[in-house]
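Encoded as structure tokens, here's the structure I'll be asking about.
When the chains are written out, they are named A, B, C and D in that same order, and each has its own residue count from 1.
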Amino acid sequence: MAVIEVTVVPIGTPSSSLSEYVAGCVKLLMDSEGISYQLTPMGTVIEGDLDRVLALTRLMHEHPFEKGVSRVVTTLRIDDRRDKDLTMKGKVEAVKTRLSSSKVQP
Amino acid sequence: MAVIEVTVVPIGTPSSSLSEYVAGCVKLLMDSEGISYQLTPMGTVIEGDLDRVLALTRLMHEHPFEKGVSRVVTTLRIDDRRDKDLTMKGKVEAVKTRLSSSKVQP
Amino acid sequence: MAVIEVTVVPIGTPSSSLSEYVAGCVKLLMDSEGISYQLTPMGTVIEGDLDRVLALTRLMHEHPFEKGVSRVVTTLRIDDRRDKDLTMKGKVEAVKTRLSSSKVQP
Amino acid sequence: MAVIEVTVVPIGTPSSSLSEYVAGCVKLLMDSEGISYQLTPMGTVIEGDLDRVLALTRLMHEHPFEKGVSRVVTTLRIDDRRDKDLTMKGKVEAVKTRLSSSKVQP
């Protein structure tokens, strides 16, 4: 289990709004059974088996080309931990627990 | 107004858990009046005046050094749009609206 | 043909020096026939068929785990252009040509 | 001394070629005395005092707006090491030395 952030940026689009392309990419995840993802203001975070998630991001990268775009810049950030299960929820909660229990020293 | 994602990764830490350092960075944002931010599983997204947010990320980058770490890799992604106001909420909602209104064609 | 930048960062290593792990990753590329790559101060840039390069970066991501590291953060940036052939050399030369021919206006 | 990689990507440009904008950004570095930089196929790597380099990347981010672009996505990756001097040349040579001295074990 890994946590992966993906951002797909089409280049040379008629408008500077990209939500149409992002929605098309997210649709691919909605249609994938058993995949957990979270839409953030700067990308999409996906949790799951690394190879399966990478195969999905490969499809997401292809989406703008199918819409007629001729250049796409895709960024993937993979956080892969093998000594314990890494989950989207677990990562955020580990930070929140520290913040609420005053474990953070300035 | 820009939306900025920041990830601060300390290198050569005794453990592979980094939540202690992330919490210290987020604490800096909690203590900053008038700054909106969102903790995601892969980083922290901040919204606000670009120069003010960049000044805050500069402090976040410094945090692990203050904790004794000797190397830090920090990634910043700035999304800056000047033809309309860019907000964290607005960016996510633009995508969700397209998804719910079936505006997405496969 | 796409141009892909990859950075493999092991977390929780005994030292803050990472060149041992980077060298191990680059070795995988040296041993791959017909793959062009360039080592930069911030990562490795690879040029080639996208799916073949992605398969190689998957191996690079695995390398630190084989060395005993328990957490790895890997960043991939894919620049994929379909209206003309994208090469590492062509990308840099396009910029240099503009700079030398004074086509750059302040 | 830190090593910083910067990539400035204008969104919604008339063409999918971006070299014009990249050249304009690099020109800002050429005109900055005492700054070392290296153009790579995927970005520009700059070496120097962190605050001075960050101030330069802030100008680079502004460049496409001055050319009429209304949205810019800029990525910065900062590698900052305080236990020894980090240089672009030193980082690449540390890896090459390991590769040539057969210190890399498969």
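Everything below uses one rule, namely that a residue touches a chain if its C-beta (ideal position, glycine included) is under 8 Å from a C-beta of that chain, and two chains touch if they have at least 3 such contacts.
Note that the coordinates shown come from a computational prediction; the quantities given were computed from them, not determined experimentally.
Trainee: Which chain has its C-alpha centroid at the greatest distance from the C-alpha centroid of chain A?
Mentor: Farthest by centroid: D.
Trainee: Between B-C and B-D, which chain pair is linked by more C-beta pairs in contact?
Mentor: B-D
Trainee: Roughly how many whole angstrom separate the Cα centroids of chain C and chain D?
Mentor: 15
Trainee: Compute the distance, rounded to whole Å, between the mean C-alpha positions of chain B and chain C.
Mentor: Chain centres of chain B and chain C, defined by C-alpha means, are spaced 25 Å apart.
Trainee: How many angstrom lie between the CA centroids of chain B and chain D, rounded to a whole number?
Mentor: Computed value for the inter-centroid distance: 20 Å.
Trainee: What residues in chain A touch two or more of the other chains?
Mentor: 11, 16-17, 70-71, 73, 75, 77, 79, 81, 83
Trainee: Looking only at which chains touch which, which shape fits best: line, ring, star, complete or other?
Mentor: Graph shape here is complete: every pair of chains touches.
Trainee: Using the touch rule from the top, collect the residues of chain D that touch chain B in their complex.
Mentor: 11, 51, 54, 58, 61, 65, 70-83
Trainee: Within their complex, state which residues of chain D touch chain C.
Mentor: The contact residues of chain D facing chain C are 3, 5, 7, 16-17, 19-20, 22-24, 26-27, 30, 38-43, 45, 47, 75, 77, 79, 81, 83, 87-89, 91-92, 94-99, 103-106.
Trainee: Using the touch rule from the top, collect the residues of chain B that touch chain C in their complex.
Mentor: Listed in rising order, the residues of chain B that touch chain C are 9, 11-18, 69-71, 73, 75.
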